[in-house]
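Order of writing sets the chain letters: A, B, C and D. Residues in each chain are counted from 1.
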Amino acid sequence: MGKVRLEAFSDGVLAIIITIMVLELKVPHGEKLSALKALLPVFLSYVLSFVYIGIYWNNHHHLLHTVNKVGGGMLWANLHLLFWLSLFPFATAWMGENHFSPLPTALYGTVLFMAALAWLLLQRSIIVSHGEDSLLAQAIGKDLKGKLSSLFYAAAIPVAFARPWVSQFLYVLVAFLWLIPDRRIEKVVAGR
Amino acid sequence: MGKVRLEAFSDGVLAIIITIMVLELKVPHGEKLSALKALLPVFLSYVLSFVYIGIYWNNHHHLLHTVNKVGGGMLWANLHLLFWLSLFPFATAWMGENHFSPLPTALYGTVLFMAALAWLLLQRSIIVSHGEDSLLAQAIGKDLKGKLSSLFYAAAIPVAFARPWVSQFLYVLVAFLWLIPDRRIEKVVAGR
Amino acid sequence: MGKVRLEAFSDGVLAIIITIMVLELKVPHGEKLSALKALLPVFLSYVLSFVYIGIYWNNHHHLLHTVNKVGGGMLWANLHLLFWLSLFPFATAWMGENHFSPLPTALYGTVLFMAALAWLLLQRSIIVSHGEDSLLAQAIGKDLKGKLSSLFYAAAIPVAFARPWVSQFLYVLVAFLWLIPDRRIEKVVAGR
Amino acid sequence: MGKVRLEAFSDGVLAIIITIMVLELKVPHGEKLSALKALLPVFLSYVLSFVYIGIYWNNHHHLLHTVNKVGGGMLWANLHLLFWLSLFPFATAWMGENHFSPLPTALYGTVLFMAALAWLLLQRSIIVSHGEDSLLAQAIGKDLKGKLSSLFYAAAIPVAFARPWVSQFLYVLVAFLWLIPDRRIEKVVAGR
């Protein structure tokens, strides 16, 4: 019961985040092609963030499959994740409007990194309450992908000040890594 | 279970899209009738887009009736559809504020066209996972209406540069074609 | 099943409408009391509209208690209602920012009137599909309150051009009439 | 049944409130660190309000565990609570943009105080309809924490005009008091 409401609230927040990001695509005053072209960087960063929020929604969906009970700790670990995700519209727009320049690129990486940490914390809080031999603990194993992503984000932050395009490349790369939903959980759940 | 959450998330995103479009109806500073009149094109494009999002919600509702299982491919096909629908507020406002001029009209058609393609892809991904003799495959048959709509949108894009009102007429026409919910699915489900 | 999703979508749209209205309470630049005072008319119109959307949500909730099946007609009658309700944020802000002057007051009344008509249409579409001896048909009877409200709104529109405060009084009066949820439906459902 | 929809609507409104607050973090025009620094007070007030809305969502979730039936009074008590919570984005942004100066700090306290009163009213309306020996009545007992919080908010309002930082300290302190979800209800529900 608690789980249903946790899912509904998270879905609500994720649905709003993914949709209000588009409000940063400010409608231009002119009707010329140049007006549209000026929006291209904002549009590209919107696409990237849309994919990221989609990935989080998708994996959140898989993650909660493994949950039987919801305690206070897990509720707050989930809200903590939603907090960092709620900063996506801001970080996305700032990066897009400044044409992927160093500081905004680093900030975007910071938000990605904090969200990834919050995700690991949420996983941990579920494993703590469900046991080390729980479905989730088996499914994620050593969670190489999760830890690797955090590492990539962490690397992208300082790199952004020297070569912002390398950081952008890392953000896109990690997104591709995650586009495939977490088969590990799917497999363990299916084999139950 | 996965289906319930897919529906809930899609409903959330569609509800937000349909509602934030109204935020582009900027409250005018004056209190005169002329201030309202200036908003008429934006209002008309809002009405058109409201109907389109309503149609997508309605048909999405019918489409998911035929779904038994939700896989990763279908989740992403659905997010892909939501991505193009999320561009409606932008395309709607740009077209309205520029009084249905050529380029904005063509862009609106492009968003309609991409959303229609995304819809066909979503249908396809459902049929692939449910089989060619599934409920949905029977229901849509050759899907003349879906293919015709895409054709009309595709035609409206170049036409917009010569005769934007013809494109507008096509957008309204296709909306009318779809105002009637997809009886084909209703029939097959009912006859199950 | 269809009903659950209709409720969920309507709740989503109503929740968004009631919440984005507050975005029209623009954060003032100064930190003085005068900055707050200038917002008072917008705040008051926000309160009125919050109550109205609350009433619609409340009665919608009661209305759907009487529904067993959802058809295409009812889906569109419901979307039509949501369309007029989606104009509340605009009409509310325009009326508040212009200090309840004639034209904005009349427009607010027009939106109230159209929403009331859409409500009657939705009731009608439910009765048509459920039969004249259905629960809802019995519950609303001659629907004096619904028809009276529409009459009051209709009267308030022309009156706004001569005495806007009389129209405001009518809007507040009708809100009070409806603050009490529709006991008629509650009674008939309970006595089932 | 009514309870499910009440929860869904409240979750929707809370999800939107918590997410649109971030829209007040206006994307700055420059790409320099100074542009980010200028946003720090708005960010800090966003964090505080995010935690408060999280607390309300969390406790609302616990509160409704104790509810069996939903009447008109409770629906309106709930909408009344949502009304005050809907003013959080405004009060948060005004306080942040004015760097926690006296009047905005007092207004923030007023919104907190009114929301706390609305919460007590909602509790009361549930106890009235479920009986003085109901689960909730037992769970909250004398509700020291609820009453103490209201007292702190009430004290913070006048204090803001002399020492705004003391009021800020009180807001943070009460948030910490509530970060722990309402164990009293959890215990009584578990012991049922």
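Following the convention adopted for this analysis, contacts are C-beta pairs under 8 Å (C-beta built on N, C-alpha and C of every residue); 3 or more make two chains touch, one makes a residue touch a chain.
Please read all numbers here as calculations on a predicted model, not as lab measurements.
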Both-way neighbours, i.e. chains that touch chain D and touch chain B: A, C
Chain separated most widely from chain C, comparing mean CA positions: A
Chain A and chain C: spacing of chain centres that average the CA atoms, whole Å: 37
Euclidean distance of C-alpha centroids - chain A vs chain D, Å: 26
Shared-contact residues (touching 2 or more other chains) in chain B: 8, 12, 16, 20, 23
Chain A to chain D touching residues, read off their complex: 1-2, 5, 8-9, 12-13, 16-17, 20, 23-24, 72, 75-76, 79, 82-83, 86-87, 89-90, 93-94, 97-98, 101, 103-104, 107
Of all residues in chain C, those that touch chain D in their complex: 7-8, 11-12, 14-16, 18-20, 22-23, 25, 27-29, 31-33, 36, 47, 50, 54, 57-58, 61, 65, 179-181, 186
